[in-house]
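In what comes next, subunit A is part of two complexes: it sits with subunit B in the first one and with subunit C in the second one.
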Partner chain A sequence: MFTYYCKLAWRHILQTPALSLLIIMAIALGIGASMTMISYYKAMAHNPAGDRSDKLHAVQLAAYGNDMETWGMSDGFPRQLTHQDVKNLREADLSFPSTPIYQFMTVIVSQREGVAPSNDYAGRFVDRDFFSMFDVKFLHGGPWSESVDEQPENQVVISKALSEWIFGEVNSVGKTFAMLDGIMQFTVAGVYEEFNPQPAYYDLTTGYFPREGAGVFAPYSLVEQLETFPMGNISGWQPEEVNGFKDILKSEYVWQVFWTQLDNEAAKAQYKEFLKGYVEQQRELGRFANQNPRGDIKDVETWLNYNEVISEDNRVMVGMSLLFLLVCLVNAVGLLLAKFMRKMNEAGVRRALGASKGQIFSQYLVEVGMLGFFGGLVGLLLASIGLWAVRELYGTDIARLDFSLFIGALLLSLLASLLTGILPALRVCNSNPSIFLKAQ
Partner chain B sequence: MAFGPIFRSTLRNPTGALLIAIQIALTLAIASNMFYMVNERVEKMSRDTGVVNEEVIAARVFYFGKAVDKAAQADIDRKTLLEIPGVKSVSYSNSMPLGGNNNTSSLCFEQEGDEDSCPHSPSYYRSDVNFHETLGLDLVEGRWLNDSDNVTTDAISIAETRTMMLSEVLAKLYFPEESALGKQLYLGGRELTIVGVYRQLLRPGARATEADHTILTAERRTSGYLAIRVDQDRIEQVKEKLEATMVGLNDQRVITEIETMDEMAADAYRRDKAMVVLLLSVVALLLLVTALGVAGLVSFTVANRKKQIGTRRALGASKRDILAYFISENFAITALALIVGSGMAYALNQYLLQTYELARLELVYVFVAAASLLFISQFATLLPALKASKVSPAIATRTV
Partner chain C sequence: MLRMNKISKVFSTDLIETHALREFDLSVAEGEFVTVTGPSGSGKTTFLNIAGLLETFNSGEYFLDGEDVASLNDRQRSQLRNQKIGFIFQSFNLIPDLDLFDNVDVPLRYRGFSSAERKKRINYALERVGLAARAKHLPSQLSGGQQQRVAIARALAGEPRFLLADEPTGNLDSLMARQVMELLEEINSEGTTIVMVTHDPSLARRSQRNIQIIDGQVSDQQQLAQAV
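Moving on, here comes the complex of A and B:
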């Protein structure tokens, strides 16, 4: 029966090509527009931490004074930390993996012939734990040894692309190159494939969706001796005279992030307790002199939402495209009505020959479903064009159609068309056969 | 034209009319809000930067390696660049309007200011004294910063600065009744005297609000942003040669992000432009779909009323009467739908207001959207209505 209905539906579609094409296009445009915006939204809403999302935690401290009520974000925490606090957190007697992060600008000198020094590759200071916490995949070598986190050595971990740029080869473990001022020498401890999670949740201070991933990671233990200024945001709650890097280290300016890995509830509770004690202790030293001194930890999911990685624009566009889909569907209902009314005669004949109302109804629903299916296919084509446009417009690589969305779009258009098809199909099957028979 | 019979025959079979009405009302609600959002972005993008955009190139200069006398090098840079044909002015600054590296600080009436005495947080530029000339700023009152204001500093905070200039908007905000000249304000806790007011200069970045709250201070800058003003017809040539020229003078530095002001603006407003393009595409498709839908539904009605039309024709109605009949029916439906749609437009705007902090919808956008929809709807009716007018009177006698 189903195949017979399909055959009939196909014949009907061919009999009213213009109207059928209009219906297919209406559904396709609605699906195409909404799928474009939903795909882009989904790419932005992606949580690259996967199953580590509820384990990794960003640490925040309400470390401002002046008896202020609130400062920073809406919950009264600044997004970043002072160097003093990071230093203390780092040296705290806790066994959880953890790492501070801040980004620095560096000039790197290539050892290939005729290549000028470049500052295209960004660097970050991190601790050794960073690589396991954020799942950096090594091609050669590995992180620097544990002792380097305590006794600084000029060792770095670099990306495959950077290794090729400097040395002309992927495996550069053990080799040295010049970085920062272009004179200081650093030894390569490890080379990683590529590390550019989207969004770059590990460090959101210098952009959410960087086109290029991190190029070089250097031991955080070098920070005080290298005196390298950060590239990201620096903010403060009081005017402070800062004349050099040493002043920044001692200041109340916030400019670093700190991550810690807490695998279970007990660990989280323990860390929160530790932060409480830390805030108390700092208060006694005269810091944290605000109305509600406290610390907080946020897991990756919370952190991404907190930083508003998905912009308002994207939410608005998703809403608008869904409204557009609604208009397209209302449109399709009208066009389907028009199409089916032309087929009233045939329905009358079939009814007179003994077809039940249910049979006529399901036959027309099959036809609607077929239109919806074609609409969905064309819609996907339009969505891939739309996503290409989005990538060009925003200068990003992330907006792509994935398989689940592909299936989702087809199901959505099928469902939508069946819903819209109910009214016209009911109209057809409820029509009185005698009128049309007379008209033959 | 008698609306009575039209109204009655529409009521007898309201499905088609209802569908047209729903579609038009929805379209009006969506399109007017989209028009509004587009206009907001376009206004933001076409803001006056205060700079002679078409004549300015900017680049970033980073030193590395052996210690260099940067001040002496900056003098050499300036001299060499000014010798290039077309180059009119050269300046170093910490940041550029619509560019990166934004320094912001609260501007207060008192040193230990609480929130009341620090009403705004402007961005401040730390540039050499040629900056205004290079960008082509306009003086409103007082004087430009000169060598007497210049400080030498490597400091991160403005430790030695004593004087500043304000944008006109900012000066008016702090001193609405009187001239700002000679007055003192505290920027990041430092007392600075206002020596001049310039007409306009945007902040770095692409903020939507308070973008013209800016301050100029003078120091002997030697790195950061290099800004060059060039005759418009030489700008591409100078831009191409800039990196080689600068590195040729001193190879212990990297020159990056060499861009004209127009390119910088395009980068800064990228998201806004994307939003405009996407919104306009959806609006265009929306109107197209609505037009096709109306045309489809009217032809459906025409097909439905073939006999009725034939009867009317047989009873003496002219082709024009039939045409007018369908056009006025559509007019009535569309007009009603537009009234409902305006209400829906405001409801949608209310929702957007609460959820996304968008601005309140202005009446003119609803009006423009309604007018274009009325036109589109009437136009879409024309073709099927013409077809209807060609129905032969004979059809009335043929059946039933």
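Moving on, here comes the complex of A and C:
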């Protein structure tokens, strides 16, 4: 009977094209709006760290003084660290993989003919552990050697795209190119496919959803030697006289992040204990003079929530879009009632000829389902347009319709339309057929 | 074939109760052709709807082919209606956007016949009423008499034992009415029980028995001819 119902449904849709189109558009608008917001929300809510999420930890220190009550985020921690603290954390006698991160912009000189130098490449200073901690996939070569973290060398790890731009080939391991001031030469230690997790959880200080990931990673050990100003957020809790890069290094400005990998509870406890001791030590040196000096670690999930990668506004927008879907469905109920009332006579004839109420109900529900399916398809088209607008508006590359969202949208549309169709279908199947048989 | 004992049907609104049938008694034997007459509002159509299991009743007993219908649920009543009863209406009640083939197909779909069986029955039924050549035409392309013949073909396709006709010639001119009546008589002569509501005394006289309903009760019964 299902194919028979489908055939009848298709015929009824063609008979009332304007009304059917209105119903399809009512469902499509609701699905389009809600799927746009759900897709965007889902992309933002994604935790790209996967099973490393509870192992990687961002380190925070309440490193401010002057007996301030609080500073930084709501819990009294600034999101970033001073260079002094990062340096001390790097040099601590601990066996956990760890890395500091800060972003810089650099001029890079291409070795291909006719290609002008570019000054808009983003790079980051990191330690060697960064690549294993954040699962950077290498195509050629690998990270610089362990000794480079102690004894700085002009080595870098670059992206495949950058390698092709500089050298015209993917495998550039061992080759050198000019960076930073356009003269200084750096040797390629490794080339990675692409590294741009969304959100960019490893360094949220320069945007949550960057269109392009870092093109080049350089050893953090070069920081003091290269004196490269950071590109990103710099905050301070006190006025300081800063006349050059060396002053920033010595200042109480916070501008770097520090991650450490703690694989189990014992490791976490040990690191917390270490931080406690470190705070005490710094306090004795006259720093951390606030009322509640302390350190903290936050795993990736906590870090994403803490930084409000998904803002309350986004949740409200999802709620609003679902309410809009509800409004659209209420309208669809009215339109369906109008459509089905025109079919009361036919339903009466079918009842007289042996159709049960259940069969009439099923027939009309199949029609509603078909309208919902078409509404879902048009809704997906609208959602694609909506997501394109979101990407253009926010300058990010997230929020695309994937297969699960495609199926989800169709299922949501079917479910919503079937729920919508229950009342009109019940009205038709519960009507007294004898009234319509006589009245026709 | 049909036995109604003290059937009562009351239509209630907030303000008024209308007794459509009052302790209505009637028996129709298998193979009989019975006409039902009576003034407007006397309860003819209510009787026909109850007989056709389209409406329930408030009290009394109704046995259709020996089966007590009062205890049946909607699905069982629909099944019984589909298998044993054929309907013919004054305004034909063909589905306008289905061609003749698909119109006749409607009751067979609910019967669960195979595609081949349905096709055989539809072609036979349309041949029987002389419209096989127009199977792909829409009802609007036919005259009133032809439409009623299609409705008869639809009623016959499932080979029901009981045919209910509600003023089947009411919308037809006299020539077409005569043709439809002759077709019904032919069907009855093959053993199908027919109960027909009519206003036309000349048609009523052609049946085997005429029942007059007044104020929801059988007021008069006339035996007109011997049942087949």
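Note that in this section the second predicted complex is superposed on the first by the 430 of 440 C-alpha atoms of A that agree within 3 Å, B and C clash if a C-alpha of one lies under 4 Å from a C-alpha of the other, contacts with A are read in each partner's own complex, and residues count from 1 in each chain.
Please note the rule applied: a contact is a pair of C-beta atoms (placed from the backbone, for glycine too) under 8 Å apart; a residue touches a chain by one contact, two chains touch by 3 or more.
Predicted model only: the values in this text are computed from it and were never measured.
Student: If we overlay the two complexes on their shared chain A, which of subunit B and subunit C does A:323 touch? Say first, second, both or neither.
Tutor: first
Student: Looking at the overlay, what does A:11 touch: subunit B (first), subunit C (second), both, or neither?
Tutor: second
Student: Now for A:182: first (subunit B), second (subunit C), both, or neither, which partner does it touch?
Tutor: So A:182 only meets subunit B here.
Student: Quick one: subunit B or subunit C, who's touching more of subunit A?
Tutor: B
Student: Examine A:266 and indicate which partner it touches, taking first as subunit B and second as subunit C; both and neither are also allowed.
Tutor: neither
Student: Per the contact definition in the header, classify A:355: touching subunit B only (first), subunit C only (second), both, or neither.
Tutor: So A:355 only meets subunit C here.
Student: Once the complexes are superposed, what residues of subunit A are shared between the subunit B interface and the subunit C interface?
Tutor: Common to the two interfaces on subunit A: residues 438.
Student: Tell me, which parts of subunit C touch subunit A in their complex?
Tutor: 45, 49, 52, 54-55, 74-75, 78-79, 81-83, 87, 89-91, 93-95, 97, 106-107, 109-111, 154, 158, 166
Student: Could you list, by residue number, the parts of subunit A that touch subunit C in their complex?
Tutor: Against subunit C, the touching part of subunit A is residues 1, 4, 11, 15, 345-346, 348-359, 432-434, 437-438, 440.
Student: Which residues, counting only subunit B, touch subunit A once they are in their complex?
Tutor: It is residues 15-16, 19-20, 22-23, 26-27, 29-30, 33-34, 37, 62, 64-66, 105, 154-157, 159, 188-190, 247, 252, 254, 256, 270-271, 273-275, 277-279, 281-282, 285-286, 289-290, 292-293, 296-297, 299-300, 303-304, 352, 355-358, 399-400 of subunit B that touch subunit A.
Student: Within the complex, which stretch of subunit A touches subunit B?
Tutor: Result: residues 19, 22, 25-26, 29-30, 33, 37, 105, 107, 116-120, 180-183, 238-244, 247-248, 311-313, 315-317, 320-321, 323-324, 326-328, 330-331, 333-335, 337-338, 341-342, 389-390, 393-395, 423, 427, 438-439 of subunit A touch subunit B.
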